[in-house]
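Below, each structure is written out as structure tokens.
Same chain, two partners: subunit A is paired with subunit B first, then with subunit C.
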Partner chain A sequence: MIPPRLRTWIFVWTPIAWLVVTLITYPKNRPLRTGFVHLLGGFFVTPSVGNYAAWVPLFLAIALGAYGIVKLIRQAQPSPFPWVLIAAAAESALWFVAASGLFRGHFDLSGKNTSLAWLFQTVLIVLIGAAVYTWGAANPERAELTVWNARQTWQLYRSNWQGMAGLYIMLFFAAMALLAPFLADHAFLDPTAQIGAPFAPPTLAYYHWFGTTEQGMSVLAEFIWSARISLVVGLFATVISTILGASIGIMAGYYHGWFSEVLMRLTDAFLVIPWLPLAMVLVAAWGQNYGILVLIIGITSWPGTARVVRADALRVRELQFIERGRAIGSSNWHIMQKHILPNVFPLVFANTILVVAIAILAETTLSFLGLGDPLNFSWGTMLHNAWDSGAAGLPAWWYLLPPGIAIVFVVLAFTFMGTAFDEVLDPKLRKREQSGGRPDEGPDRLLPLGGGVGGSEGLAEVPGGGIWAGPADDWDPHNDTGGRA
Partner chain B sequence: MSTVKTDAGPAAEAADKGQRIEHDGILDVRDLKTYFKLRDGDVKAVDGVSFMVGQGKSLGLAGESGCGKTTAALAILKLLPENGRIVSGEILFDGKNLAKRTEYGMSKVRWKDISIIFQGAMNALNPVQPVGKQIAEPIVIHEGISENKAMVRARELFDLVGINPKRVTEFPHEMSGGMRQRAMIAMALACNPKLIIGDEPTTALDVMVQAQILELIERLRHELNLSFILISHDLSVMAETCDTGVIMYAGKVVEAGTTTNIFNNAQHPYTRQLIRAFPNIHETREMVSSIAGDPPNLLNPPPGCRFYPRCSEGDPSCIEHDQDMVEVESGHFVRCQKVA
Partner chain C sequence: MDKRRYFTRKILNALLTIVLIASFNFVLFRILPGDPARLLVPKGRFSMDAMAKQRANFHLNKPMWEQFVYYWKDTVQLKFGDSFAQKRPVAQVVGERIWPTVLLVGTGTIIATAIGLVTGVIAGWRRNSKFDVITTNSGMVMYSMPTFWVCLIFIMIFATWLRWFPVGRMYDPGVVYTSWFSQFTALMHHLFLPAFTFAITYMGEYHLIVRSSLTGVMREDYVLTARAKGLSDSNVLWKHVVPNAMLPTVTLVMMNIGFVLSGAILTEAVFNWPGLGLLSYDSMVQRDYPVMQAVFLLGSVAVIVANLIADIMYYYLDPRVKA
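Moving on, here comes the complex of A and B:
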């Protein structure tokens, strides 16, 4: 039987996930007036092998299919869970066949047939929702535990004002990025789409809210569409950075000897290489586009994560249950994956959110220096254009301030969230904040009253200076350290 | 019947050919030497220790802190820290010499044939994993069955050690100390091992729980016909649970025999003083006596008898004479030239 709360979650979150994916894949080159019929997923359907996004369904198909087959082989009682996964994998593979353009002539999903792409993503999300549902029904105990854990974390997170402030700021910008097609017509980003004179100051008309650029284009439209690139580059670069940093950190912490040394010297090397010149050289060598930017930021920002994770892995590896793991006959890989990773995970998670902030800043820096994708706008690119055109000297403050403030707020939001998660997931930090005292203060029944009450009935004087509030016979003088241990 | 062997029979040729080595009992440790490498030299933590555990019997390893008893136990499973190594000697288990096995070869023996109950149960359990899942872990690894099936077995094991099977989903911090120790015992039983090593399984527990745990171990040992090695500094625990006992001092066995022999007829001065250091509830109340001095530094152990510097009965000839074990009565061996 599926836990009721998980069922509620599935029914709430599946439509939300569908909405988010639909907004991400919404065709940006399609004007609003064509209506909802045409907003159906143009992102994935450009029929070309070079369209990286079209390969996403293939990776999804491989991952879901492999997991489904493993589950099918290992399951104890027959359950529909693996079959739902395999169905989702098959659907995703079909989507790839249609969208990649590799099989043109047999089954082609060209730009005209966008409703088919929309159908694919809708079916996929429904299938994933069904997979979670059947998983919950097959493993009710584990599902209950997962739900409980998530609720506990959320309760703690909610009570942290920094975290909530960060979350609201982040949600504001995320909503702006997702709703960009509805907030500003992408056509206004076309270099020929002037809406007024160059550097015209803001007026109350919608597209003139933030004035115009040096070419007389709408700053507002650029600002809204830039949010997408800035956030996406930040998030994907963080994924690469965290996977690299966490795995290198865990391995360097778990192993002893030369292997660990090599990994740490590699980390040091990456740490001392000035990343900006390195990134500039890499951009020059590999080309200016967003995939490359993601890759470059990802492979230059992991050493910090690696060092932090290694420090914690070093602590965890000395705990006795790691020795017990070896005594059980577990392989090193198994120990790292099942025992070390879950124990360092809170740190990795909190660190990840902080890395997002760093990655967004890195993207802004590179774009500001003119190394961003020339075909798309990001906040860094906007600042670059403003600087190049002399907006600062005019001063055309409406051109410089919006992207600058947005970057400050987004980075601040992620930093707030990272700090909040650090506190929520680390029980030591949490306890200090809530109890107002050191967590290792003695038993609660030892009242810090000092001497002088001795002789009162039911109270025994304790050498340490406190008063034992329990029954007098309960106190064991041989076990009492008296605060002088 | 467990006895203690004093002679180290070389079985290396048979081991090289992968043949079965004939030996007595289920585990036969012969002249085991385990050293730790430090900057200043080798610490001879275990220096020529021999003992044997019979099928379905229990053996107690006792001695002060730092006498090498835990090292000897960890050497059996080759779980020594990085700077520790087995220098010589044989660990014969089920016809195989474990001392010669590789790390991969050991991973097939660990837990499947020999399991271990660790000292502090609270530290030996992963705090972020449900206890049942941790018990299922060795079953999944060694028997290759699914986790769900292993969880069914984990429930049975919980029942066996007297914990409500519903509690398999609980985390270690939700259990009391005694219950965690029971869970550790359940884990030790997970793969139906032939031999269990208890490394001070009751040390961190209060006396009531200690008694319950020992009773549980005793019951399971008889029900499942297990062999058991108990490592303890607590002689009373050893007397209560074990068929045979081995007293170690400074990396060497000083006295070995049945527990009755050791307690009623202790021959080595160290054993006698160790027994005197525990209060006796049957006799008049008097202060327990401690043994003066400290155990020797095992980087350079004293010459001759290692106990001589603290011994009240020795004379200078003890320094010159490196005494072997002598049999004082059937199955009772002592390393003391006063007795020989």
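Moving on, here comes the complex of A and C:
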């Protein structure tokens, strides 16, 4: 049977995921007053294939379908899990066809058919929730372990005040980005939408809170909508960077000989390329839009991850169970995927959060140099406009401070979260291994109890501490953030 | 590893990386969409003659492998063609911008290293003290601040409100200095704000690295031994802990000096400081491809050389490398 806690999580997180997706795809041009009504009605912002949004369902369809079919073929005991996945894939394929207008000349979802797209979105989220449910029902032990681990990690994470502070700051800005359509009318970003004199200082009226820009536009409206671009570019660039860095790092750490050497040379070469001039050349040549920006930040920021992951993979490779796996004839791919990856995963995860901070800073920097998307605002673009119009010489502090402070807070939040996760997921475990608790530590380092977990009875005693319960006295050699006292 | 083998290996690695980067540079400026000759002709003065001339200049009318050979020949001779914007050889344009950047980055790095080292050592030695909490958290804030924003805020506070420092440039335009001393004071006056901003953005990073490596070293057995021998605190700190904790810092400082260019682009652009950073920003705005190419190559080589120097210094600083 499915673990009760996992069931609760599914019932809580499915609606939240639905809400987030709905808010992300919420149209910019909907009047505020009717906003909530339309939120329930649904919509699809970008109906043509040329827009990136239409490709999302296609990628989802391919990924879900492929995974579902592989599961279906390899499954020993029958369970509805693969079938639900395949259904979800079919649904997103249908969504793609509808969104891209492949049916007929122009299948326009933006007008009266908005509720159709909303329906696709909703059904997909429900199907994914159902897939997790059926997976949990088919593999209760693994589900129990996963849930237990997540809870354990969360308990540890919660005791780290910096991590929690970072989380709250991040949630604040994420909420601002998601709720942008309700916080500020997008019409105020139109270059013709003046609300006052140029460089008017702040007043108490809502859109005047942060004063006006050099064109007399509302700084507040720009500020709120900028959060979206800054966060989204940072997150997507991180995805690219982490996938590249982790896979190259794992391969370089696992293989011996020339292949590993070539990968490391490549990493070194990328590490020494000054990324800013490179990005400037590429943006100048390829054009200015956010897709390019994401790509450039992604491909220039992976070497750090690759080096860190490689060092950890080198350590894992020498553990005994890897040798054992090789002795019984496991393929390299199998070992890397099933043993190395889960073992380096905590490190990759903590590193990923740190990379988000770097990627957001990179986006801001490029936008500040005037290389951002001219059609959208980000915090960097705002500062670019402020700089260009000489706001520092006036001084128009209301124009300079809000975007800058927001950047500092967001970057700081991700740095705090990253170091907190690093502490939670890494050093204690490493110390435990060094002290030789169990010589042949199982593959899943995230599972502190190892083989002893069978059912919920065994688990009941442990939460809240168990092995890791020691007070935070001396176990934080990697804590370079200070001030835990 | 014996000395000669270690050095040969490091130098060969560096050379190999330079070759890789230079080849990448060749590819980079040829995967640009459209006819490269078209990019190489400044906008507005477009003509068939000009295109043919640029084609011949950059050997674009030859097959790819021959272009590659010519590229290497030209690069080794430091011939990068003519700048579009200034209509002078690129090597000359780039050459005269090196000194201001070295001045700015050098001053900034000295300030940042000095302050970051001292605060890092104190914070690492007295962990969880009030000093540690304050400096480390402000170090993280400094690390999170975008350089250009700090520049803008400093200009706003110190140049616009307080009027303590000029807004930018190396010298006031149109001023003729009577003596070298007044010229020097003017230079320092103009240098202070950019150098200090540059230092602020690196200070936090140095502080965090020194502090964490100090913490790591303090848990080593030889520190315990030193304490057990009854050495005084300051003796343990300065003779046993700090020298060992400096090793990662050396790498980091050298690495950052290598990144002179990308580090200084923002500071120089905002402060109008006539160095390499401003040059690369201007050449990007003006789509001055020959200059961009040269600056990009120079920047990468600087990092590699700095890394090589760090490796060589490591050999003398860290006896474990010799083992």
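Remarks
Quick note on the criterion: the second predicted complex is superposed on the first by the 407 of 485 C-alpha atoms of A that agree within 3 Å, B and C clash if a C-alpha of one lies under 4 Å from a C-alpha of the other, contacts with A are read in each partner's own complex, and residues count from 1 in each chain.
By definition in this document, contacts are C-beta pairs under 8 Å (C-beta built on N, C-alpha and C of every residue); 3 or more make two chains touch, one makes a residue touch a chain.
Since we're looking at a predicted model, the values are computed, not measured.
Annotation for the three-chain superposition on subunit A: subunit B and subunit C fit side by side.
Looking at the superposed arrangement, the partner reaching more residues of subunit A, out of subunit B and subunit C, is C. In the superposition on chain A, A:A392 contacts subunit C only, with no contact to subunit B. Of the two partner chains placed by the overlay, only subunit B lies in contact with A:Q75; subunit C stays clear of it. By the document's definition of touching, of the two partners only subunit B reaches A:E141; subunit C does not.
Once the two complexes are overlaid on the shared chain, A:V408 sits against subunit C while remaining clear of subunit B. In the superposed pair of complexes, A:L319 makes contact with subunit B only, with no contact to subunit C.
In the superposed model, A:M1 lies in contact with neither subunit B nor subunit C.
Using the contact criterion defined above for the overlaid structures, shared-chain residue A:G329 touches subunit B, although it does not reach subunit C.
By the document's definition of touching, of the two partners only subunit C reaches A:D268; subunit B does not.
Taking every C-alpha atom of subunit B against every C-alpha atom of subunit C, the smallest gap after superposition is 12 Å. Only residues 265, 268-269, 272-278, 280-282, 284-286, 357, 361, 364-365, 368-371, 383, 386-387, 391-395, 397, 400-401, 403-404, 407-408, 411-412, 415-416, 477-485 of subunit A touch subunit C when the two sit together in their complex. Across the interface of their complex, subunit A is touched by residues 77, 79, 82, 106-112, 115-116, 118-120, 123-130, 134, 137-138, 141-142, 146-149, 152, 169 of subunit B. Here subunit A touches subunit B in the complex through residues 74-77, 141, 145, 256-257, 319-321, 323-331, 334, 338-339, 342-343, going by the rule given at the top. Within the complex formed with subunit A, the subunit C residues making contact are 13, 16-17, 20-21, 24, 28-29, 32-33, 39, 123, 127-128, 132-133, 136-137, 140-141, 143-149, 152-153, 155-156, 159-161, 167, 208-209, 211-212, 215-216, 219, 258-259, 261-262, 265-266, 269-270, 280-281, 284-285, 287, 292, 295-296, 299-300, 303-304, 307.
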